[in-house]
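Have a look at the structure below before the remarks.
When the chains are written out, they are named A, B, C, D and E in that same order, and each has its own residue count from 1.
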Amino acid sequence: MTVLNPLLPQVAKIVKIKAETPTIKTYRVVMPDGSKPFEHIPGQCAMISVPPVGEALFSITSSPTQEEYMEFSIVKTGSVTNFLHEVEEGFEIGIRGPYGNGFPLESFKGKDILFIGGGIGLAPLRSLINYCLDKREEFGKIDIVYGARTPDDMIQKDEIFKIWPEAPDTEVHLTVDTEWEGWEGRVGFVPQCVEEICFSPENRIAVTCGPPIMIKFVLQGLDRLGFTPEQIVTTLELRMKCGVGKCGRCNIGDKYVCKDGPVFTYAQLLNMPPEY
Amino acid sequence: MKKINKEKLPALWERLADEAALYLPVEEDGVVNFAPWKEGAAVNLDVINTMVPPKHLVFPQSENYLRFHVEGSKLEIEPLDVDGPYVVFGARPCDVAGIAIIDKLFLDEPCDTLYKERRDNGTIISLGCNEPEETCFCTSFDLEPGFSPDADISTWDLGEYLLWEPRNEKGQALTAKLDDLLEAADSGAAQAVEKLRQDAASREAAVVREHGWEVQGVKEALEDKFDSEIWDEIYRRCLGCGVCTYLCPTCHCFDVQDYSKGQEGLRFRCWDSCMFGDFTLMAHGENPRPTQKERVRQRFMHKLLYYPSNFEVYACVGCGRCVRKCPVSIDITQVIKAAGGVE
Amino acid sequence: MKRIGVFVCKCGTNIAGTVDIEAVVKAAEKMPGVAHAAEYTYMCSEIGQVMIQDAIEQEKLDRVVVAACSPRLHEPTFRKAAEAAGLNPYLVQIANIREHCSWVHKNEEEATKKAIAMTRTAVAKAGRSQELMPSEISVEHRALVIGAGIAGIQAALDIADAGYQVDLVEKSSTIGGRMAQLDKTFPTLDCSACILTPKMVDAASHPNINLITYSEVENVDGYVGNFEVTIRKKARYVDVEKCTGCGICYEKCPSKVDNEFDEGLAKRKAIYVPFPQAVPNKPVIDRPNCRWFEKEKCGVCKKICPTEAVDFEQEDEIVEQKYGAIVVATGFDVLGLEEFGEFSYGKHPDVITSLEFERLINASGPSGGKLVRPSNQEVPKNVVFIQCVGSRDKSRGKEYCSKICCMYTAKHAILIKEKYPDTQAYVFYIDVRTGGKEFEEFHRRAVENYDATYLRGIVGKVFPEGDKLLVHGVDSLSGRTVEIEADMVVLATAMTARKDAGAVSRMLGVSCDSHEFMTEAHAKLRPVETHSAGIFLAGACLGPKDIPETVAQASGAAVKAIGILSKETLLSDPCVSEVDEATCTGCLNCINLCPYKAISEKTLEEKVHGKVVRRLVAEVNEVLCQGCGACTVACRPGAMNLRGFTNDQILAEVDAVCL
Amino acid sequence: MSVSAEEQAFEPLIIVFGCNWCSYAGGDLAGTSRMSYPPNVRVIRVPCSSRVSPNFVLRAFQRGADGVLVAGCHPGDCHYVTGNYYARRRLSALRRFLEFIGIEPERFEVHWISGSEGAKFAKVMGEVTEKIRALGPNRKMRDVR
Amino acid sequence: MKQLNEVIKEVAAQSLSRGEVDLVIGWKKGDLWWQSYPAFVEGDEGVADLIWDPFCVPNLSRYLLEELDDKSKVAIFVKGCDALGFNQLLQDKRVEREKVYLYGIPCDGLVDPRKLEAAGHKWLSEVRRDGDELVLVSKEGEQRVKARDFMYDKCLTCRYPNPVTYDQMLGEAVEAQPQERFAGVEELEKISDDERFEYWARQFSRCIRCFACRNVCPACSCRECIFDIPEPRWLGKAKELSEDQFYHIIRAYHVAGRCVDCGECTRVCPVDLPLQELNRKFIKDINELYGEYDAGVDPETEAPLVTYNTNDPAAFTES
C-alpha cells in the first residue's frame, strides 16, 4: 500500500448539526459508510475541507471513547467557517487528521484534574473531559471551570449543566462575565473564578484553553496558587495550512504547533519565544 | 567515471529529453533559468547562479494535487497524478544542496508523499563550479563548490570535456542508457576533478575570507538573540516582498488554495513567504508576527537556528541570491555578522 | 449553503415558445445553492407571486431568482412579492430570459442553453446578495423653483397653494420668462400678457411664495428632503424696500442700450424695468452700461430718486437655504443664426426672428403694436415666413423639431391679416406639424380664412435688392423655383437649451442630452422626474414645447414636489456605495469623481501595534449616492463597493456566465 | 489554410457589461421589437459603464470569454451625468493596453447604445459576434486549468 | 560627489542635534561595492555612516508610511525621481507634507551594478563618480569608464534629475539629458499582436509574484492591496499565465496616470521583467489621448483617470 499524501482529505459527512450559540455550531461527522473517521487522542485536531472555499483546522471535541462519530464545535469567523455555518445535515466535507500531539494522558493518570475553559476553548477540553469521565477510575477528582460572556454563549449546555455535574467526584463551576438576567451562578471572569475557588496544586494538573487573554491571566492565577509550570497544560492556536509541519506557518521557534502542539505545558511555553 | 566531449552535449540533451522531461539552464531574453530543453534552446552552462534556483522542479511554485467535484451536498475528491520522470541537468552544488535540505523537511514523518513522488521522479545531474561568484559563500556552510554529494550524477567542466560520474543507482541507471554518447574517462580524470574541486574551494574560501563571511557557530550565537536589538536595525528597510524567500533554494513555505470553475475544482499548494504580512494573520484578526520585524526575524532565525535545531543543517547554502537580489540589500551575511556568527 | 428558489416563467408562449422551460428548471435544480425550482405560465400574475411566496415559506428559501422578463419591468413586482413573504426584497434576482433571450433567438436549443446560462448567472449573483435596508431621511418642508417663466410660476403657485413655502428664483429682474415677450398665443389667440400678468401678480402676492429675482443658484448640495442651496442675489443697486416704482429714474437716465426684452428692437436705459408689467416692478441698474460705474460720473438716478432708493454701494448677497424638493424651470433660448448667412439675418434689418416679430406686433412692443419694417417704419406688404430655421437640421442647427414654430407662424400669419388685410403672408415650410388640440383647425384657418400662402420648399437665399428683400426658394410640390419680393422676412428659429443649461444641470446632478436639454427619468413614465431624487423638471428646459404643455408639466412637477414635502421622512434606496474602512487607504480618489458629491473624507483614530494613529478614509452619504459605481472602479484596493452590484456579485456572475 | 473541426464548430462566448439605463434598456428594446441577434452574447447588468472595472473584463477573459463588450449610454446622456466620461477614459486606456499585451483589440470593445437603440443593440451584437468568430477562440488570456 | 557625501552628514547631524527632526532616513554602505541601502538615523551615532554614492538608488519616501506614525518630523533625502514619488504619496494623502523635511539631491544618474557586471566589471571595492566618468576601484587598481554606459536605464531617460519639491537643496542643479523614453514601447507596438503576446507571455511567466515591484512603488501605497485581499480573491495564488497577466495588467492599470516613471519596479524585479515598458505604455497612451500628464510633478493636479473632458477622444470607435 502506498502512503497517502498527507494533504489529501477523505470525504466524510455531517450527520448532525447543533446550534450552540449564534456563532457556534457543533457538527457530528462520520465517514460515508457510517464509521468514525479515525482514532484520535484528546487535544488532537482535524483539518476540515469545504471545497472550493478551503480548509481549516479544528479541535476534535468528541472523546476518543465515542466510537460512533467525531464532533467539532466551530465558531463562525472567516470563509471556511462561514460556509460551514450555512450547510445542512447530510452535507459532505473533506477531513484529514488527526493532527497534533494531544494531551499527555499518561502523565495525567491518578491525578486530580482541573479544567479551565472559556468560550469556544471548551472544544478541545471537552474531548478530554469526556474521556476522563468515561475512564473515571484512572483519574482523581475532576473540576471544570467554564466561563463565557453570557449564559447564551456557553456551548455543550447539556453536558455542562446536566451530565458533568452528575458524574462521580466531579464538580462544575460555571461563570459569566457580567450579571445576566436569570443567571444565578457565578459572575466574573474565569481567572478570577479559579483564584476564588482556590484550587490546591497538590497532585493536580490544570488544563486550560480559551482566548489568549484569558489564558494569560489564568496562568498568572495558577502561578499564584502555587501550580508549577509543569502542572499546567494548555493548547495554542496559530494559523496553519498543512497540519503536518511542512507549510512553515505555525512555528514558534523550532516547535510546530501542528506537530509538536497544540498542547503544550506551561513549562514548554516558557522555553519558547513569545510569538503566539 | 565517464566523459563527454562538450560538442556532443546537444546530442546528449536530445537523448535525455527522449527519456524524460529535461530541464537545464537556458538563456531567454537575457535571463538564464532552468527551462525545458527544446531543439535550439540557448543552453548556458557558464552561468553559475541561474536567476531562479531549480527548486521549483522538485517543489513547483504551484502544484495541483487534488480535483474535487461538488454537487449539492455531495463531494468527490480525487488525487491527481504527479508529473512523470524528469532530469535536471547542470544544477550547481549549492542548488542541489538546497534540494537536499528541503528533502529533510518534506520527507520527515509524516512524509509528504506528493513531494516524495515528484522528487523520486527526478534525476539530478550536477555541474561543479570552477569559479565563485562575487556573492558566493557556500563554503561558509561547509559545502563544496566543486562537488555535489547529493546529486544523482556529478559532472565537471574541464574545458573540452565534461566529466561524468554517477553517484547512485538512479544515476547509474541513467548513465547506462547513455552508453553510446559517453566515453570512459582516462585515468587522469579523477585527479583533474580532485584539482578542480580543490581550486574551486580555495578560490571561494579566499573570497569568503576577504568578505569576512566565514560562518562559525551562528546557531549558538542566535540562541539568545530572539529579543536582540539586531532585528530593530535590520527590518526597518525591509519592503516585505518575497524576493529573498522565492529565490532561495531552501525556502519551502507554502499555502493551500482552491481553484474552482463551476462545480469542479482543483486544490493546489503554492509558494508562500514568511515575509508577507498576511502569512500568519489569523481569521479573527490577530497576528503573532504583526510587523516586519517579527517576519524578518523569523526568516533568519528559521534558516540559522530553528532549521538546524530540527534537521541538523542550516537552511542556507550560501548561493548569494538573496544578497544579490534584495532591493534594499538586506544581506544574510550581515545578519550573521551582527549576530556574532562569524569567526 | 444558501437556499435559493428559482422560478421560471413561461410568459404564456412568449418565453416557452423558444425556451425549453422544463430544461431550465431541471438545470436550475442542480445549480449550487438551489433548493427549489419551479415554473409557471405567468410568474408576475397574482398566482405566480403567491407561488413564490408559498415556496419561500415552505421551502425556507433565503434567496429568490425569477427567470422571466426584464428586471426593468418586474423586478419591483417580484421584490414586493418576496417582501410580503418576509424575505428582504434585495435578495431577489431576475434572469431576463425574455427580452434578452426568447424574443431575440429563434433556435430553441440555443435559446435554452442561453436561458440556462442566464439563470445560472442570476443564481450566482443571488448567492452573494445581502439583505439591504433603506435608511430614513428627514424632509425640509420648503421648495425651490428655479426659473420664473410660466412653468416656474405655475409650479410655485401649485406648491404654495398646497400649503408649502416656495422660493422662486429668477435670473432676470422680473418674472414672466418668454411668455411675457409674446403677443397673442395660439391656438386661441388670447393675449399673452392678459393671461400671464394675473399669474405673475398672484405669485408676487402669494403668502407662501418668496420671489427672489435677479438672482442665481450658485451651488446645490445635499439630497432629496435636504438640499442645501446657495443663492446669489445680484446687486440691483436699487433698494427694493424704498423704491416705489415711480419710474422717474429711468426717465432721466442718459445711458441708452438695446432692450433684451424687445430682442434689441428698442432701447432701454441703464437703470430700467424690462417691460411695464414687470414683477416686481422695481428697476435695476445694468452695471456695465451705467456711467456711474463706468466713469464715476452721472449719478442722475440717485440724485433724482425721491425715496433715495438708488444705492451704488449695494453688493451681491449670498443666501443659503434648505429645501426638500427642487423644480427646475429654466426654459429655453433661440438659436443664434451665425451659421445661416444665406438669410441675411443681421445684415438687413427687415430680416427678423419670430421672437422679434412677437415684439414688433405686440401692443407694448417697440412700435406700439404697429407692424412696421425696422428699416423704414412702413407697414410691410409682403411678409415671408421661413420655417425650420436651424430645426431638423443636423449639419448646421439642431436635428430635432422645435415643435411650436408651425403653430406660431400660422398665428403670425393670422395676426398680420387681422391687422393689415392688404399684407400678404408667404410661408415656406418643409411640412406643417399640427399635432395638438385645435392645432390643425388653427392652421387651416390661417390658410383658408386668412389667405396665407403656404409654399412647400426651402429657401436658398434672401438678398436685399433696393429696399426690398428677394427671397429665392423652391416650391417642391411644383418643382419650380420661386422668387418673392418681400418687405419682411421672419425666421422661425429653433428653440434651444439655455446657454448655461449644461452648467446648471451639472450643478444639480441632472443629466442632459447632447443638446443640453435636461433629461427626464423616463420619457414616458417619469416625464417630470430626474434621476436625482427630489429634483423635478418643467417646461421648455426639457425641450421645445408650448404653453399648455408647459403648464401641465409644471403642475405635474409641483405634485411630485408636494409628494415629497408632504412626508415627514423618506426612505432612501439602499443600493448605494459603501466603504470598507479597513481597506480604504484614504487616497480620496473617489471623492472628486462622484457626480452627486456623495463622498466625503473622515478621520479615523485607531490603535496599530500599540500606537494611536489617525488616518483618512472615505465616507459615503447613503442618501446622496445614486449608485452609479464610478467610485468603485476608481478605488484600487476595492474598498469602495456598490451594494446590489458588489465586486463579489459581479465576479460571481462573470464566473457563472462563462461556465 | 485549413480550418480544424474545432475551429469550425467554434461558437464564441461574448460577455457584455451593459449599463442599466441605456444599453441594457436597448437590449430590452431589441427584445420587445423581436430583433434577432446571435445567442452568443450574455449581458451582465451594471448600473453604469463607470461600474465596469478592468478586473471584471480580465476575469471574463480568464474564465473563457472570447470577447468582452462594455456598452453604455452615449457620452452626455449618462444617467449619472458623467459616468461614461470616466468609462471612456478608463476603457480606452485598458483597450490599448490589452492590445499591447498582445490581445487582439477586437476582443475588447466599447459601444455606446442608448435605450432607444434596440436596432443598434442587435446590430452591434451581431457584428461583434461575427468579428470574434472570425478571430477564433481566445486562448491568450484564458485560464486553462 | 565627494562634497555631497559630506554635506549630507552635516545637514543630518544639524537637524538631529537641533531637534528639528526625530529621524533622518538616508543611505549607508553595505559590505559589497554596490550595496547602498536605506539607513535610519535617530542620533549622532549613525550620522557618520550616511553616504551618497552612485548606488544610492532606493527611494526613501516609502518608509514614511511606517515611520511618520509616531514621529513629529522626519527628514529624508530625495533625488529627482524620489521627489516625484514623494509627491505621488502626497497626492494619495499617504504622507503629511508638514511632517517631512526634504533634502533635495540633484542627481546625475546612478549606476546599475548589473550593467557593470555584464561588462565584466566584477570584484570591485569601490565605484566613484568623477564628472562624466566612473572610477572603478579594484585590487588591480583603478579603471575609468564612461558613466552613461553603466547607468540605470531609468536614469538614461530621466527628465527630472533635480527634485521638483524639497525644503533644502543640496548641491547644484544638474542638466537633464533624457533619452526618448517611449522607444521601448514603440518597438513593441510595431510587432504583431501574436509576437507581442509571445513576448509578454515569456516575461510574465518568469514572474515569481514576489510583489517587490508593487511594494517598492510610490504609487502603490494601498494599506491592503487588491492582490492580497482574500474576499473576493481577485488574484489567485497559482502560478498560471492567466494569473500572471491579471497581476501585471492590473498593477500597471492601477498606476496608470499615477506612475511617476521612477523605474523602481524595474530595478527591484529579481527576474528582470521590463515593467517600465508596461507603465510607459499607459503613460504614452494617456498623454496621446488625454493630454500630457506628468505624475508627481504637481500633487494638486488631478490624475487623468479620475477626471474627464466631455470631448475626450476614445480608443474605440464611438458611434
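By definition in this document, contacts are C-beta pairs under 8 Å (C-beta built on N, C-alpha and C of every residue); 3 or more make two chains touch, one makes a residue touch a chain.
The structure displayed is predicted, hence computed values, not measured ones.
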Higher-contact pair (C-beta pairs counted), D-E versus C-E: D-E
Centre-most chain, if every chain is reduced to its averaged C-alpha atoms: D
Distance between the centres, which are taken as Cα means, of chain B and chain A, whole angstrom: 39
CA centroid of chain C to CA centroid of chain D, Å: 31
Distance between the centres, which are taken as Cα means, of chain C and chain A, whole angstrom: 67
Centre-of-Cα separation between chain D and chain B, whole angstrom: 46
For chain D, residues that touch 2 or more chains besides their own: 54-55, 59, 63, 76, 82, 86, 90, 143, 145
Chain C, residues touching no fewer than two other chains: 1, 593, 634, 647, 651, 655, 659
Junction residues of chain E - those touching two or more other chains: 226, 230-231, 234, 238, 240, 305-306
Partner chain D, residues of chain B touching it in the complex: 64, 259, 261, 266
Chain E residues touching chain B - in the complex, by the definition given at the top: 30-32, 35-40, 58, 62-63, 122-123, 202-203, 206, 208-212, 214-216, 228, 230, 236-240, 267-268, 270-272
Contacting residues of chain B [partner chain E, same complex]: 28-31, 33, 51-52, 60-62, 134-135, 211-212, 233, 236-237, 239-243, 245-247, 255, 257, 259, 268, 270-273, 276-278, 323, 325, 327-331, 333-334
Touching residues (chain side chain E, partner chain D) in the complex: 185, 188-189, 193-201, 226, 234, 238, 240, 242-243, 245-246, 248-250, 252-253, 256-257, 278, 281-282, 285-286, 289-290, 304-306, 308-310, 312-316, 318-319
Footprint of chain A on chain B - complex, ascending: 65-66, 68, 70, 73-77, 79, 105-106, 108, 110-114, 226, 252-260, 265, 267, 269, 272, 274, 279-284, 286, 288-289, 294, 298, 301-302, 305-307, 309-310
